[in-house]
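Notes to accompany the following structure.
Chain naming follows the written order as A, B, C and D, and within any one chain the residues start at number 1.
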Amino acid sequence: MNTDLRVRLGGLELPNPVVTAAGCAGSGRELAQFFDIAEIGAVTTKSVMLEPHAGRPAPRMAETPSGMLSTTGMQGPGVDVFLQRDLPWLLSRGGRAIVSVAGSGTAEFGELARRISAEPGVDAIEVNLSCPDPADPAGRRFADDVSRAAAVVSTVRSHARSDLSVLAKLAADVPDVVALATACAEARADGLSMINAVRGMAVDPRTLRPAVAGGMGGLSGPAIRPLAVGCVFRVHEALPEVPIIGMGGVRTGADVVEFMAAGASAVAVGTINFSDPSACVRVLREFTEALEARGVSRARDLVGAAHRPGVGV
Amino acid sequence: MNTDLRVRLGGLELPNPVVTAAGCAGSGRELAQFFDIAEIGAVTTKSVMLEPHAGRPAPRMAETPSGMLSTTGMQGPGVDVFLQRDLPWLLSRGGRAIVSVAGSGTAEFGELARRISAEPGVDAIEVNLSCPDPADPAGRRFADDVSRAAAVVSTVRSHARSDLSVLAKLAADVPDVVALATACAEARADGLSMINAVRGMAVDPRTLRPAVAGGMGGLSGPAIRPLAVGCVFRVHEALPEVPIIGMGGVRTGADVVEFMAAGASAVAVGTINFSDPSACVRVLREFTEALEARGVSRARDLVGAAHRPGVGV
Amino acid sequence: MSDYGPVQVRCPVLNVRRVDAYYAITVVAPGIAERFRSGQFVSVAVGGDHSSTLLRRPFAVHDVKPDYGGTIEFLFSVRGTGTAWLAERRSRDLLDVVGPLGRPFPLPRDPVNCVLVGGGSGSAPLFPLAQSLRRRGCRVDFVLGGASADRVFSAITARRIAETAVFTTDDGSFGTRGRVTDVLGRVVEECRSDVAYACGPMPMLRAVTAVADTHGIPVQVSVEETMACGIGICMTCVIPVVGEDGITRMARSCVDGPVFRGEQVRFDDVGTIPFDALGAPGWKGAGASRSTESARDIA
Amino acid sequence: MSDYGPVQVRCPVLNVRRVDAYYAITVVAPGIAERFRSGQFVSVAVGGDHSSTLLRRPFAVHDVKPDYGGTIEFLFSVRGTGTAWLAERRSRDLLDVVGPLGRPFPLPRDPVNCVLVGGGSGSAPLFPLAQSLRRRGCRVDFVLGGASADRVFSAITARRIAETAVFTTDDGSFGTRGRVTDVLGRVVEECRSDVAYACGPMPMLRAVTAVADTHGIPVQVSVEETMACGIGICMTCVIPVVGEDGITRMARSCVDGPVFRGEQVRFDDVGTIPFDALGAPGWKGAGASRSTESARDIA
């Protein structure tokens, strides 16, 4: 069978729904040692900031049941190096680029969007709303305040080239993810990515100290999949027209089916890249086989199937 | 070594810190087939309502990575049957009883507290704030509204016998768990239990339908442990004087160490009772061995150790 | 802790046999073997101590033998992660098994004619039942079905221990093409069955109950609901069952079942909370029910 | 995908040997064996496909042999869940292995005298290094330490392949009581060591670097940081390292290391972000660094 794997995220068409999650694939260079980066839907790059950032102190990670806790603190070389070194490499290999941006302030988000729009070849900008908002007195994240989040999205939208898709990356541990999604869509996000890692903590039972420096970290991996699928389902129910990249613990092709049925148009592989550097192509192959096995000829027909009782695909 | 395992939850002293989590041990009768129920710290009973409740339709559960999703919807026979049949059985076996209550309305919570206070032998009432608040137009839970949650706690406190401890059972997926905890403490909760199962969803990749009836379910088990430990840590940091029963994915004695170091005075075993009906006594044994191995002579010295860098126990 | 309740044991695997599309595992478990009564099941932890699959898998006990102080055998087909893992076990591996669980099949006092109807893996618990019935002088006839020949459990054993054994397969690869209920009526008549026992998927149990009803014979059904705990504490395995008192309750299939009288199970309402079930939304019998419930024997 | 980068392979286990307090696993992995250079490591998936322990475990390659097209061996002691699982593997089991990973030990051009210092499992990568050095005509001396006799890795092999081998244990159960650095100065002098190589826990590496510094010889250290990915994408394994340009960067020990020049590692600042590190909070060199960073060879 010749399965049509193409999916659409608003104006953006991808050859298949499997992309990488921000911060879990660098800019594709390391994973390209294991598979052809042009084969997957797109590479979402690690969130890039305007200036170099050294990130957080070590220890930065701890293993948890079916997941991991991490705090890398956006370490990266800054947007200039990214645009000079990492992006050209990715494009030269035929990879599609979703560039994740993290601003330390709304204006910086705008500046990042402007700089990235100046480069040809980028497909979309993903706005990481889980970074701390320096203007918030309590040090909360942009995602914690619906109106601040929307302001960031509309700033990025107005600074980004009009043919670039703007995706808002949502956090799940917010008061109301549907309200956040709605505000971002109203701020003209072309799509939504969800979910980011969820805040959690582990204490090392040997040292009795928090297992990652600073205490709280981001929980990712299969452990959080039900939280992610729940968010995707509820947001798709409320905003069926807004395309979603679903993520959170994708490990197999069946998980892609699960996310798409819940309402995602594409699905990102994050933490599992760490445990299986070939995961993206394996997941894509398993997904394709799953479609063939159930006789689905177009991947996009799966989107939202769980909302249509009895209809199936 | 003769380790002193006793812990205090406000006015309530337990012989050891291992208790059962509400809804994960019935009223102790079934688990008593596997161990002596008087050996563990206490049995927290399934949340009891005023009237019988049939609960939610099946399917009620799905397995997820290192966790499970469930929706039992508070099925139970009502408080009369509980007081006539289940509680006397538990007390007759020497079990300590923490009775979890779920009211469909603030007044009902008060009535439940009154009825339970009329029975001798109960040690504490745990107020399940994760049940839907019938007065909330959006059908949210009491835990979602700090002031409604506090109102329930103070109603229970004022209807409960003064020598009964009142514990507020918090949800983790709320806008601000520290604010919720603070409000409950100010409403004169003697202690806090955290966390309840976290809302999530799974889609069955075969049927493409939500795996549990009604779509959303509660995610429990080791998968959520980092979320639970994070809540306990943050609440203990903010309210070091308020005793906490920590829970969420406890599987081994090391997990008890982790929760206590984060700030819990006692620790509840929930989902793992389903996979290992002897879990409570196994966990208690492993915990005791862990204390001996590190030369800790009093279990309560562990409480909050992760907040005291370099001090240790 | 008690002499008749379930026990939890780490039992050595005696052997793992592959038979057609299914596997048979025998474990040494004297404590379970001595307590076992036909119709009961065990639950098995899968995947090891650090597995991401937490829940036990329930399996009917297919055979109990006195060897090594007492062994039990269960049969299974590979369905998902748990059964795939079990299929890889080898002799001397240890399995964490809890059992025996659930209410057994009630046995007739008199030596009556019994027809035993099984679908797929649902045939498994009928074999020890057949033995018990034979020991009481009952006549046993089998009707076993499956998707295809290799999915009909223990056909040879069935032929050996029963008076007659009829087989059906969906694809006609073995026995009659069709379903067990396509042939059941005929078997009941020819064998003059006085009582039926059935185990298999819910739609099959419903159809068997209907056939039994038509022929005016009682039927005991054993349900295969998904179960998180198997011991009665999680409340996830419930189905609507009508009690002796005429009141419908959401009964736990692990401890109130898995065996129910066919007509007690509200097959049409499985997967719902019937409006007239005890404690259903809007249900009106509060006063009455409370006393009823408390009077009920739940030991 | 490339001739020198790492590959991911499911390799059959050839054998698992137990030696004192540690285990040695040999797997058939021609692709890894042919690419391997001493100092590199592999990462191994543990627990099977449905394990709750997601992350790979990194292990230094201890030996490479031409058998079966190419085998690699790694040594480990059981520390937690992953190594406990590995210890239970048997020949013919399949292991999912990625390698070779990381920067190898740089080898001297001339036949100089090399002292190799290992602590506990950190001794493992020094053995293929010793072989490579010997092949270049270098003199090799070993200083190996461990908590107790059974924790000193491969003492016999060390004696066989090195000119001299000195052992230390914390409890004095084997060799000199004390630490490797208690004897290192003497060895460097007696053996006229020109260069040192060290692998082990961070405090040991720091002390070895100090001793080497005192004696004015260069030292290459191989660090054992916790690693989530081992291939450079997760940024969890960073330590502060001073570059050729004098700028401190949070370097990934998996791809920028695990081997660094001792004086490059800011041992005192491990576990912190030094205020003068590239991109540290309040760091002021934005303009300069950007060009510096982009000019850096990161291949």
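FYI, contacts are C-beta pairs under 8 Å (C-beta built on N, C-alpha and C of every residue); 3 or more make two chains touch, one makes a residue touch a chain.
None of the values given here were measured: they were computed from a predicted structure.
When the C-beta contacts at A-C and at A-D are tallied, the pair with the greater total is A-D. Chain centre most remote from that of chain D: C (centre = mean of CA atoms).
Centroids of chain B and chain C (each the mean of its C-alpha atoms) stand 34 Å apart. For this pair, chain A with chain C, the centres built from the Cα atoms lie 46 Å apart. Residue positions 65-67, 221-222 of chain B are each in touch with at least two other chains. Each of the following residues of chain C touches two or more other chains: 52-53.
Contacts between chains leave no pair untouched here, as each chain touches all the others. Residues of chain D that touch chain B in their complex: 52.
Listing the residues of chain C that touch chain B in their complex gives 1-2, 5-8, 45, 52-56, 96, 98, 225-226, 228-229, 231-239, 249-250, 255, 270-273, 277-281, 283, 286, 289-290, 293-294, 298. Of all the residues in chain A, the ones that touch chain B in their complex are 64-67, 69, 173-175, 198-203, 205, 208-210, 215-217, 219, 221-227, 229-230, 233-234, 249, 251, 254-255, 257-259, 261-262, 290, 302, 305-306, 309, 312-313.
Only residues 65-66, 222 of chain A touch chain C when the two sit together in their complex.
Against chain D, in their complex, chain C makes its touches with residues 47-48, 50-53, 81, 85.
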